[in-house]
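As written, the chains take the letters A, B and C, and residue 1 is the first residue of each chain.
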């Protein structure tokens, strides 16, 4: 069995009496897409926040490529190889699409202490950025202000910025939201290929996309993983049907 | 609408044309006014780096302006009294040389900005504003209580400091020095805003979360911006003290911190020439309105209020419209 | 260093701190409820002092002077809130800073226009003049004792008002959740005007009380305002308790530092350099206190922890 790229061990996070994550242990193996699904309020966002370092778990560990990253700040996790996309876009809205991608490329170099030459004239940064934008299909809007992008395009840009980091593992928070059927089809195909580059931990509401993409699915209910398995296993799982999929599965 | 580029050129033309006219028609006071405007502009160019690009609302930049002033005052005071500044651990003498004074002001202001910035950046928002204001006030009270250098009365320097090859007592030559420094600061800050550092800082203002997610340290970016910003404002302080041949605790006052910020807002936040336009307008208002009424600050207050409430983007925004996307 | 001196200075520090509290409480309320940073709070302090000095000059009554200070500051506060401040609630802090800085300019020059540049004097009423003998035989000015008592009464009243009354409930709700008070059917804009006027009245009251022991002049408010900011940073934004504890800490640190640092340093060096260095360090004492709190607890002693 191959070692997981990303793994959580017994993550627990409480807010007062509310248990947002309870003993969550999931892992992400090379080459796979591991989807995390669950009803609203199941603790998906809290889980991502802990993995990416915006929340500190009360107990439990997070490992990236075998290294314990639990106590490290977000930026250290990024440098260690975690590429994250946000549910609500966290892009620099006043900047252009290209500038946002160049920022990612700059982050990957780890050296922002360059004060004189224009960032956009730096060939290396620009190449990485343009390639990432090309891969998600944003070539045409590179010099558009990010605020003027459609909702779907912002999602694509989120993915592109994560690509510039050339991460070991992606963590994507609802990349399909607001994309429309055509857009999500394109992105589904793209993510499907992307998994061979680096595995993806995917939190997603769009069940068609999840069933089309996921190698494995974990179901989160009230902060607990109630089942992990292949698409078929999850579809058949009684507990899951009861707790989550309900009658439409 | 005028393009921002043309407006910038027009402003530079005024900075050359007015002093040139004043020189030939023998109006040294006008040259002094323009020197004052250039120095204020330089101070505001410094603040604009922190405020406009980094989003750091520092209401305490007088701390650096005043420190620059006192660096000049103290060095020149020791030179004019022929007393050493320090004898231990090694001998430090005063100096009348501008380049040495400038370097000292830059370095010491940067150091103070590092200390104030490290503490203030532990917080954000309103806290940051109040803390920077408070630290500037600390410098104000410290300068009043430090009686060795004049305390409340300040320090007078009898002869302006020297610059190799120039007669700094000639108003037009001193103006030229200040103007060239202002140009250099504008050039550097334009480059800096577009540099990788500027890009990251700009993004850190808009979405700190994003910047951390790509692996960059927002706090450190902001701290470095604050240090560069403070150093430039400190240099302006040294020039201002040299212009007046006098330095006093008022250079540390909260009004001055506010005014440096006002220059930027009158001109336009985050615009390269915002501080320059703002300082020019401020000095003009001070001169013309101040001549009309003893209470001209009321009009300044009203103007400022109108700009804040209704005129986003300052005068440059009014004249040139929205900022263009840079490619 | 006699015990009497220590006791006296502690009382001075308390008195100073209590007056700072009146400023800081208003600021912290206004920030807590409306999210506004108000630089013009010092102007309202000044308005109170001038109103008191003018009324005391005309009528000779100190009580009327205090009432005038309360009324004038509250009115000035309400007018400013209606005309300017309410346009700033949705703006960023930079706009708030600039607009309220503009208000300082207008208030200061307007006051200079009306009253001239010379300081006014507000006399302590005869029945509060002179020293009083405290237990242990310590002589201490009666007026300063009165300030401490009045300040404590106001602090207690404010605490009761926020804990017990309807308006207090609305204020607390406003600090926690703005949508909730709208859902409760509270007229928010009226509440905001009221809170602002209340903060202004507290500032004006402090200005009048302090005006009797210092001179009443343009620009008297801003140094106090900045000290009140230090108080808020130390105590934590939005917390009345924080404002009280912060005020007393700052008041005591400033007063005791100024008196005792030179004496303590005197043990290590000669009198004149001890006096020089001591007073220089003392001038920075409260800011050093602020820096220490920032390192230890960046959101203040009683601020919400992140």
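Details
As a convention for this text, a contact is a pair of C-beta atoms (placed from the backbone, for glycine too) under 8 Å apart; a residue touches a chain by one contact, two chains touch by 3 or more.
Just so it is clear, the structure is predicted and the values come from calculations on it, not from any experiment.
Each step here moves to a touching chain, and the least such steps from subunit A to subunit B number 1. With centres computed from Cα atoms alone, the innermost chain of the structure is B. Centroid distances from subunit C, each centroid being the mean of CA atoms, peak for A.
One simple way to say how far apart two chains are is to compare their mean CA positions; for subunit A and subunit B this gives 44 Å. For this pair, subunit A with subunit C, the centres built from the Cα atoms lie 49 Å apart.
Per-chain CA centroids place subunit B at a distance of 31 Å from subunit C. Those residues of subunit B that touch subunit A in the shared complex are 191-192, 194-200, 202-203, 206-207, 209-217, 221, 224, 325-327. For subunit A in complex with subunit B, the residues that touch the partner chain are 52, 54, 73-76, 78-79, 84, 86, 90-96, 99-100, 102-104, 106-108, 110-120, 122, 125, 143-145, 161, 164-165.
Subunit B meets subunit C in the complex at residues 51, 57, 59, 119-120, 122-123, 125-127, 129-131, 133-135, 137-138, 141-142, 144-148, 254, 258, 261-262, 265, 269, 295-298, 300-302, 304-305, 308-309.
Per the touch definition, subunit C reaches subunit B in the complex via residues 31, 37, 39, 84, 87, 93-95, 97-99, 101-106, 108-110, 112-113, 222-223, 226, 229-230, 232-233, 237, 276, 279-280, 282-284, 287, 290-291, 294-295, 298-299.
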